[in-house]
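Chain nomenclature is as follows: A, B, C, D and E, assigned in order of appearance, with residue numbering initiated at 1 for each chain independently.
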Amino acid sequence: MTLLRKIAVPLGAILVFLLLWEWLVWAKGWPDYKMASPSDLWPAFWKYRWLFLENGWQTLWRTVAGLLLAVVAGTGIGMVMGFSRLAREALYPLLVGFNAIPKATVVPIMALIFVGRHDFNTIMIAFMISFFPIAVSVSIGLSTLEPEYRDILRALGASQLTVFRKIALPKTLPEFFGALKVSVTLAFIGTNLMEIVSPHGRGLGALFDSGKISADYPLMFAVLIALAFLGIVLYYIVVALEKVFAGWAERAPG
Amino acid sequence: MSAEIELRAVTHAYRTETGPLPVLRHLDVKMPPGSFTAFVGPSGCGKSTLTKLIAGLMRPDEGQVWLGGQMVRAPRATVGMAFQNPVLLEWRSILSNVLLPLEIVPNTLSRAARLDRARELLALVGLSEFEEKRPSELSGGMRQRASLCRALVHRPEVLILDEPFGALDAFTREDLWQTMARLRAEERFTAVLITHDLRESVFLADEIVVMSARPATIQYRMASRLPAARDLDILYTPEAVEMLATLRRQIQIAQGRDAA
Amino acid sequence: QAETQVQLALDWKFEGPAAPYFAAIDNGHFAEAGLAVEVLAGQGSLDAIPKVATGAYPFGFADINSLIKFKDQNPDAPVVMVMMTYDKPPFAVIGRRSLGVEAPKDLEGKVLGAPPPDGAWAQFVPFAGASGIDMEKITVEPVGFPTREPMLAEGKVAAVTGFNFSSYLNLVRLGVPEDDISTILMADHGLELYGNGIIVNTDFAAANPELVKGFLAAVAAGWTDAIADPAAGAAMVIERNPAGDLDLETRRLQMVIDANVATPWVAEHGMGGIDPDRFERALVQIGETYDFAEAPDASAYFTDAYLPEGGFPLR
Amino acid sequence: MTLLRKIAVPLGAILVFLLLWEWLVWAKGWPDYKMASPSDLWPAFWKYRWLFLENGWQTLWRTVAGLLLAVVAGTGIGMVMGFSRLAREALYPLLVGFNAIPKATVVPIMALIFVGRHDFNTIMIAFMISFFPIAVSVSIGLSTLEPEYRDILRALGASQLTVFRKIALPKTLPEFFGALKVSVTLAFIGTNLMEIVSPHGRGLGALFDSGKISADYPLMFAVLIALAFLGIVLYYIVVALEKVFAGWAERAPG
Amino acid sequence: MSAEIELRAVTHAYRTETGPLPVLRHLDVKMPPGSFTAFVGPSGCGKSTLTKLIAGLMRPDEGQVWLGGQMVRAPRATVGMAFQNPVLLEWRSILSNVLLPLEIVPNTLSRAARLDRARELLALVGLSEFEEKRPSELSGGMRQRASLCRALVHRPEVLILDEPFGALDAFTREDLWQTMARLRAEERFTAVLITHDLRESVFLADEIVVMSARPATIQYRMASRLPAARDLDILYTPEAVEMLATLRRQIQIAQGRDAA
């Protein structure tokens, strides 16, 4: 029942959205080059199905690699900022400044500094664009931890790290995963930025570009939908992880 | 398996926006290893503050706290503490909440041994049925009991209890008094008990300290005249009744009412 | 014999005009010169030039006007053009006959759509000067790249600036009848500027002069192949551009050949070189809109040191 | 003392960062067109100071407008998702999918649909790219609100909205402002994306483009730094707002 | 300014992962307007659950709760509630925490009148000095007192108190009993008190209900035999002593021990 609901509700929402889109395009009579409608996309998907599979995979693995890096580094930076007020005051403006710089302009610089190392560059951009929300959420989780919670473990002589692992992290898990959901979408944007701005011929960005060259609007829209789809897949993986980790916290650990 | 606790001229004030709020003034108490000391005093006088100082969660402004011959500068693993507000971790089951200290404190117990210990304690306080429940599924009194188990699970040398039975009905409370007395005989910790129930302090403690209103000083100390082995009836003996009467009077003085 | 690995950084994506390089690969011209060439797509000339200037890639393909400005700003940058490919630059004004735009003068009193950072728009002032257009009489509407052709197709502007082979084909794709589209190539109306060509890292070239010569010869051979059979050339591009459209790229290639590469001057003097007098005039025209930090020096931008005498014959 | 510290620490951090940057460029001997160094940027700033002022203002106001929209809409969507499990399950995948689509590719579509309405388009992109973190944080703040807190007001018959205003919002204020800090940086990226991808000749993006046309690398880097600077300015405005709102919550309200 | 409370065959169970946990079974109680009813019973029997049902925070599985002649389907503004765990909002001062209900409940009080009311209540419980402090700067007992003020500030018709004095020492507690008695005479609310202190129930209540262990039924009801006007000495009258003895026996039975 609930499982059915868990699947039916999002599917229904997506369907409603697609129908609305189709209707909008139909009602406004927009041409393909303005906005393709969902029904135009199927031929594009079918025609290029192997390309979608391969390039989708290329994009996906680089995104996930960048995201993993972002989780590790974001958590690290977040911990430093959460535990030390000094670090927070010093790092926040730098990070905000760095993040306000459009990554599209950073891509060429990266591409020049690390010439030809496409995978590395792509993963780095995905990482750079997506670590900030995680760092912010971990830092806030730590700096707003109620003293009562902290004291439970501190009274036993536990280290800061232990307090983080046993109390702060699980307690901010919802916010952490919320940040991760934001980061997932950002990481996709990062990967694609690299694929489009500094093309290396792989990934969905390359497919988009190639659709753009031949003014194949349905293909371009199909790529965007494929990206959205991958984003949703990754989102559900994050949701599943959320369950696993909550489950782990639930059981009596050994 | 137990340590001496010593307060040497402990003075403490909280820094608040409107200036310092003096809470404890020049406390000197020595609690021998294995002893059981109860602190009673008016609400807001500084009892919880005292427990935090002993646990090393805060450093006194002046004076020192010594545990087992060492000056306390930071919290240590040999202390077990039940806080006045029993904060349980919502993302863990009750059993897992109780196991928490064993995950932190260095120890050589096997997983099975840890579980045995935790289950045994939960059974003692009547929570066997609730091992796998979440904290939010427990009543106020049940949470307090779970928190007590968490304070005990790692067999601490020093046990600090801040109103551990405050939310319990008279009979559950009396049961737990007896459980405490039995545990004490088995595990030989040095105990500090904060309570507002005079009968509780008389039943459990070797020494009872009455604190004055804030800023708290030690207003009165009373060594128990009761035998070590006690059952509930002992509270109706003339010695206990007299102790209770004295304590009542002292607290009345502590609160600034005429003892008349 | 082991082939030397070199890279060529293109200024743009894999479109029809990239066919000659792939022809040079697929037809073995590079291999004959002892080269294994990797071709990389790019994002405009100012993406390709630093790639070569930093030494990341030895060869590139870029617009000489961008190179001139780049060298003016960074005089020490080790990059120079060694072979001119687009004798006529692709800068154009694309108009619609039905909206009354056929010749430069027709622009007066009309609305011209131009993306501010557009390469063609950047040359509009010298073009207007040379063809006697009164700029005051033109309403310039800043448009975004994505909206440029659609706005022309919908008649919201009467003409746009753009590249002859991109904007034209985009308009065709948007359903504008071909006989309604007028392409005013600026180079046909007094604009002296040159277009794109092969650039090289000078440190690399100084160390490997023979390699550079061989590279250029192979590229020229690739052009010959592409001109001989544009469809085959475009097919080689499509191979590397998964979702490409063969007909479209064939047309694009043909347009580049006809309008930009195989010009009368090239037919006479061969491909690759430049006319120094025209180049001097071009520098003056650039100066109309761009403040040179230092006096322009033609030799810093182009060298024929790696070209054969008389350039490469195209047929 | 503390105020001095509050100013000195971030300034010091920024200075250290600039010095490191200068040193890196100097040590590696990178030319301007690979990476300009801070000392190269002053002349560019000085030369184009009026352009920086004007275009900076153009970028700033559009960003702020987009951000305000994002706060309002993000809070709204977050409230809907926070209060209703159904809405959460239905909307989350849609939002994630939408956000995984690179906004750089959405820009042309927007530009085509709303031809010529540059301000509107720019603000919309800034909004679209920045509302998600706010929606996520508000939704999590609401859906993880402890029942004890909720019950304080619910017992008085308070409406959901009142519970949100008096309890959920103040309680999640730290997370909300954390999300806002992320959104600030994203909104800047959005504004610039529009300015660069669908140029309309205004804003710092246009300045960047004009630097690019004339291969003026110090100018391009200077624009990026100006963006970072604006990001930091906006960040401190958010921090100040955080103080004001916390201050408001502090005083006995009337 | 007071309302009748009626429980009609109220039955409730919590849905837990391991199946339903029956908590209340077939409770029938009628509390007349202006009455003061105390509920006592073993820890975890369902007392806090009962308060939530009366407040309308939960709906019973079976049966109904009626307040002032209307069936309770949702919480209403005429109820004041002090929770067992006194949650105060950390981002507000104590005074502002107490003022909170006046911001929610429709009323015509001016700002000054509201402040007067809140300050007056805080003074009654001895927290005048702490009006501008944050909740974390208060001791456990002080927070409980602030929470009591919050329950009273909007002059509710129905007052629900879940162990409101649990963390207080004997004398502060007795002071507050007297305060409560005085308030009751002035404001005429209908009160429901959960407590584990039998003396408290005898001193304050008109009727005392003993609940059995979970699932709780009503095991015993006792109408007070004490006069309406009471002072502390009344607890030493023969009537009170007898009431206390009866209650003790009943609770012992409730907990499944032999009353012997």
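Everything that follows uses one rule, which is that contacts are C-beta pairs under 8 Å (C-beta built on N, C-alpha and C of every residue); 3 or more make two chains touch, one makes a residue touch a chain.
Listed by chain with UniProt protein names: A, D = ABC transporter permease; B, E = ABC transporter ATP-binding protein.
Because the structure is a prediction, the values reported are computed rather than measured.
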Listed by label, which chains are in contact with chain C and with chain D (ABC transporter permease)?
-> A
Taking CA centroids for every chain, report which one is farthest away from chain B.
-> C
Chain pair with the most C-beta contacts | A-D
Rounded to the nearest Å, the gap separating the Cα centres of chain A (ABC transporter permease) and chain C is 38
Quick one: chain B and chain E, Cα centre-to-centre, how many Å?
-> 27
In angstrom, rounded to a whole number, how far apart do the mean CA points of chain A (ABC transporter permease) and chain B lie?
-> 49
In whole angstrom, how far does the Cα centroid of chain C sit from the Cα centroid of chain E?
-> 86
Residue numbers in chain D (ABC transporter permease) touching two or more further chains are 34, 109, 112
Residues of chain E that touch two or more other chains: which are they?
-> 85
Can you list the residues of chain C that touch 2 or more other chains?
-> 50, 54, 150
Would you tell me which residues of chain A (ABC transporter permease) are touching chain D (ABC transporter permease) in their complex?
-> 5-6, 9-10, 12-14, 17, 30, 33-35, 86, 89-94, 96-105, 109, 112-113, 132-133, 136-137, 139-140, 143-144, 174-175, 178-179, 181-182, 184-186, 188-189, 192-193, 196, 208, 220, 224, 227-232, 234-236
Listed in rising order, the residues of chain A (ABC transporter permease) that touch chain B in the complex are 148-149, 151-158, 162, 166-167, 170-171, 173, 246, 249-254
Chain C touches which residues of chain D (ABC transporter permease) in the complex?
-> 31-34, 107-109, 111-112, 115-116, 197-201, 206, 209-210, 212-217
Using the touch definition up top, name the residues of chain B that touch chain A (ABC transporter permease) in the complex.
-> 52, 55-57, 74-77, 79, 81, 83, 85, 87, 89, 91-93, 95-96, 99-101, 103-105, 111, 115, 150, 154
Mind listing the chain C positions that touch chain A (ABC transporter permease) in their complex?
-> 7, 13-15, 40-43, 47, 50-51, 54, 56-57, 150, 169-170, 173-175, 240-245, 248-249
